[in-house]
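Can you keep this structure in mind? I'll have questions shortly.
As written, the chains take the letters A, B and C, and residue 1 is the first residue of each chain.
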Amino acid sequence: MASAFSKRLYGIAIVALALASFPLWASRYWVLVALLFSLNLALSEMWNLLAGYSGLISLGQQAFVGLGGYTLAVFSMYYGFPIWLSILIGGMISVLFALLISAPIFRMRGVYFAIGTWTVAETLRILFSNWKYVGYGMGLFVKPAYTLSFNTIFYAALLMGVASVALVYFILRSKLGLGLMAMRDDETASETLGVDIFRTKLICFILAAGVTGVASGVLYLHNIFIQPFSAFGIDWTVRLVFITIIGGIGTIEGPIIGSLIYVILQQWLSEYPSVSLLILGVIAIAVILVAPKGIMGTIQERLGFEILSPRRK
Amino acid sequence: MLSILAGLKNPIMNGLLLGGLYGIVGIGMSMIFGIVRVVNLAHGDLVILASYLSFVTLSIFKVSPLLTLVLVIPAMFLIGFIIQYYLVNRVLGKDMNPPLLVAFGLSIILQNLLLLIFTPDARTLLTDLSITTLPIGSFLSIPVVYLVDFILSLVTIFLLSRFFSKTYLGKAIRAASDDEGAAELMGINAKRIYAWAMAIAGGTAAVAGVLVGMTFTFYPHTGPDYLIIAFGVVIVGGLGSLLGTFMGGLILGLAQILGAHFLGPGFQLISGYIILLVVLAFKPTGLFSKG
Amino acid sequence: MANNILRVQQIDVHYGDFHALWDVSLDVEEAQVVSIIGANGAGKSTLLNTIAGVKKPSHGTVQFRGSRINGIPPYQAVVEGISMVPEGRRVFPHLTVLENLEIGSYTPKARKRKNEALKKIYELFPVLEERKDQLSITLSGGEQQMLAIGRALMSWPQLILLDEISLGLAPVVIKQIYQKVKQINAEGITALLVEQDIQRSLKAAHKVYIMQSGRIRLEGRPDSLSQEQIRKAYFGLSDLNTKPEAEKEL
């Protein structure tokens, strides 16, 4: 079984441990960067699982961001649930919602699926904005989060980041992953070989929903304030799309590079959020035109190696 | 019963008229989707870009918003051509995703550019028409601007259909959309044709943008709202016919206004979304499609 | 010796890694009817597509009226005077018969003489005039073939490429169409035909090429080739053994 835990996995573990040590020696600024990096990583690994491996371009992951965040707020504040439990419930609610919409949503293919997911998220946005229970569009403060220390939240975020990478890695090396790779190569052919396409995609969709929901809970521990406009906004997807494209769609390491670039860019230009998005958009288009496989994808193609290889050896 | 119906006449009228506006918003997207087989995720932002261009022209020349079309249409025409020729054409191929993602990137760039240049303030293309209503007899009262929107939409769509059936370029576009390879054998440079098609779509976005600006307020991030509307119009109305797209607009407009009437103003958009989701799930080719 | 309007010299054509045409050469004289015969997969359509500009050869040249045309796009080839009737006809389904023909005169030069061309096409294929406002998909297979040929003629070509025009048609209809091809050729238009039907080709052509597995196996005037030679070339058999060999018999 030594082959399953190759040197490369150890390398990633080392990086993770290094990040974990940040609170001991790094400035708060860098811990924050690492926190945001980890959360963006979790979200984009999930988006990558959908778009890069399952062929599902979802423009509606923000539905689960909002659901996760609001669950945390509502359960911890209104019902006094422990914070971490509320976050987990947020993941569950995301999973349930994904299951709920899966029947109609999976009837839509390709771009129809994309717009369908986006419409669902927009619908949620409007519903929450009109819902007295959650304070309409004015939003909620996640008061219980005040009791947590910054470092605690950081470690939760780091856990999410590492867990998401590990999850994708192990999925791809599993039987499900074989099915995914076959689907990616040729969907019709894989079906004739017995790959249950619908079930495979559904599992990925639900997993992504759950992880996104939980990661969002941690995110809102940090943000403290949640409102429909931003929680269910398309901006989330914008970031995930750009991160994944630039980093390399369809590679496990892609979102790692992409998230790093994004967070650094965002912090550097924190005074001018539109400029950072603008630059991101320009870079993303340039990448699609010139190196459509993104940074990691192009490196892998040129040099022929993969840091985290999903191939069983 | 009668009083319910009587109470409905205004919403129905308004819904239909609004639907006309939605129709012209959707035409550009319908064209590109049907001809180049690309969903232009930046379409809504192009409409809003046109609104801003009109705004700028208004600030300089102080004319009626409709007159700004003289400048805005050619500008959007050019922008559409350039986008297709230099960007989208480069990534056209078997994979549907790159053009989709390029359009997405373009959408974000446009929104943030507009944000930087014009600030997040709400804008509108002010005109006397925007606030007057026209009483018809004693039992109907419609906002004049809705009527203007409807008429101009109809006129534009009519002109467009003449273009496609009477001109060589129009026929070439139809031929290329039927069979790109065969069209090239006739001497048609398909990539250049797609650029012209996109230019025309830009022109329709220009009309849509000016009308939208006259009817509602707009912000740099209003684009995606109209993208979903355009998509709704195209999906509900179906591809392949201009008239079908227009009908899609009417249905969507009706759904929105009636939804707002029965459920409250906050539900106007949602009513449209529900219709869109239902059609997407059960007949994505559209209610009026030629198949 | 009359002019060589078309000269294909030693071309190789690939589809990705797949080597489709091997060292293929072809000469067509003006106003000739030349036939390319071969079984499925022999490479005939690939050859035609390369001449029309749809494929680019990886080696070799294609010369038309003295100038190099290999590598020019298909919409340029039309301007040069080459017109293709593609395999499967590929008429534009959402356009009427008349609109299909009009698209045939898309190039500026042809557009000026559109009405003149229409008149000639209607004379050649009266049924097209009858059905000119009908959508092209409502036409029968034979009528669609005539439309495809008429459409190709609208650009006043000097060389017309016809890819498997007998496919899916009844013998009576095929005979009609070949008569029209003869008429067209009589006006001075050079025709390069691809056909699976050996007998039909031999009857219609001044010169035939027989292809197999991407190579030219045999060429010559129909009356100078024996059945035995043709059969061997078509199936890729040689005199020495039953394995296909890369030999050209002249």
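In this text, a residue touches a chain if its C-beta (ideal position, glycine included) is under 8 Å from a C-beta of that chain, and two chains touch if they have at least 3 such contacts.
Since the structure is predicted, the reported quantities are computational estimates derived from the model, not experimental observations.
Peer 1: Common contacts of chain A and chain B?
Peer 2: none
Peer 1: Taking the mean of each chain's Cα atoms, which chain ends up nearest the overall Cα mean?
Peer 2: Chain nearest the overall C-alpha centroid, as shown: B.
Peer 1: If you count the contact pairs for each chain pair, which pair has the most?
Peer 2: If you count contacting C-beta pairs, the leading pair is A-B.
Peer 1: Going by average Cα coordinates, which chain is farthest removed from chain A?
Peer 2: Centre of mass proxy via C-alpha means gives C as farthest from chain A.
Peer 1: Centre to centre, by mean C-alpha position, how many angstrom separate chain A and chain B?
Peer 2: 32
Peer 1: Measure off the straight-line distance from the CA centroid of chain A to the CA centroid of chain C, and report it in whole Å.
Peer 2: Distance between chain centres, rounded to whole Å: 55 Å.
Peer 1: Could you grab the centroid distance between chain B and chain C? Build each centroid from C-alpha atoms only and quote it in angstrom.
Peer 2: 44
Peer 1: Taking each residue of chain B in turn, which ones touch at least two of the other chains?
Peer 2: none
Peer 1: Provide the residue numbers of chain B that touch chain A in the complex, in ascending order.
Peer 2: Residues 39, 87, 90-91, 96-98, 100-102, 104-106, 108-109, 112-113, 115-116, 224, 228, 231, 235, 264, 266-267, 269-270, 273-274, 276-277, 280-282, 284.
Peer 1: Provide the residue numbers of chain A that touch chain B in the complex, in ascending order.
Peer 2: Spelled out, the residues of chain A in touch with chain B are 57, 104-105, 107-112, 114-116, 118-120, 122-123, 126-127, 129-130, 234, 238, 241-242, 245, 274-275, 277-278, 280-282, 284-285, 288-289, 292.
Peer 1: State the interface residues of chain C toward chain B in the complex, per the touch definition above.
Peer 2: 52, 54, 73-75, 78-79, 83-84, 86, 90-95, 99, 102-104, 106-107, 110-111, 151-152, 155
Peer 1: Give every residue of chain B touching chain C within the complex, in rising order.
Peer 2: Touch residues, chain B against chain C: 168, 171-172, 174-175, 177-179, 181-190.
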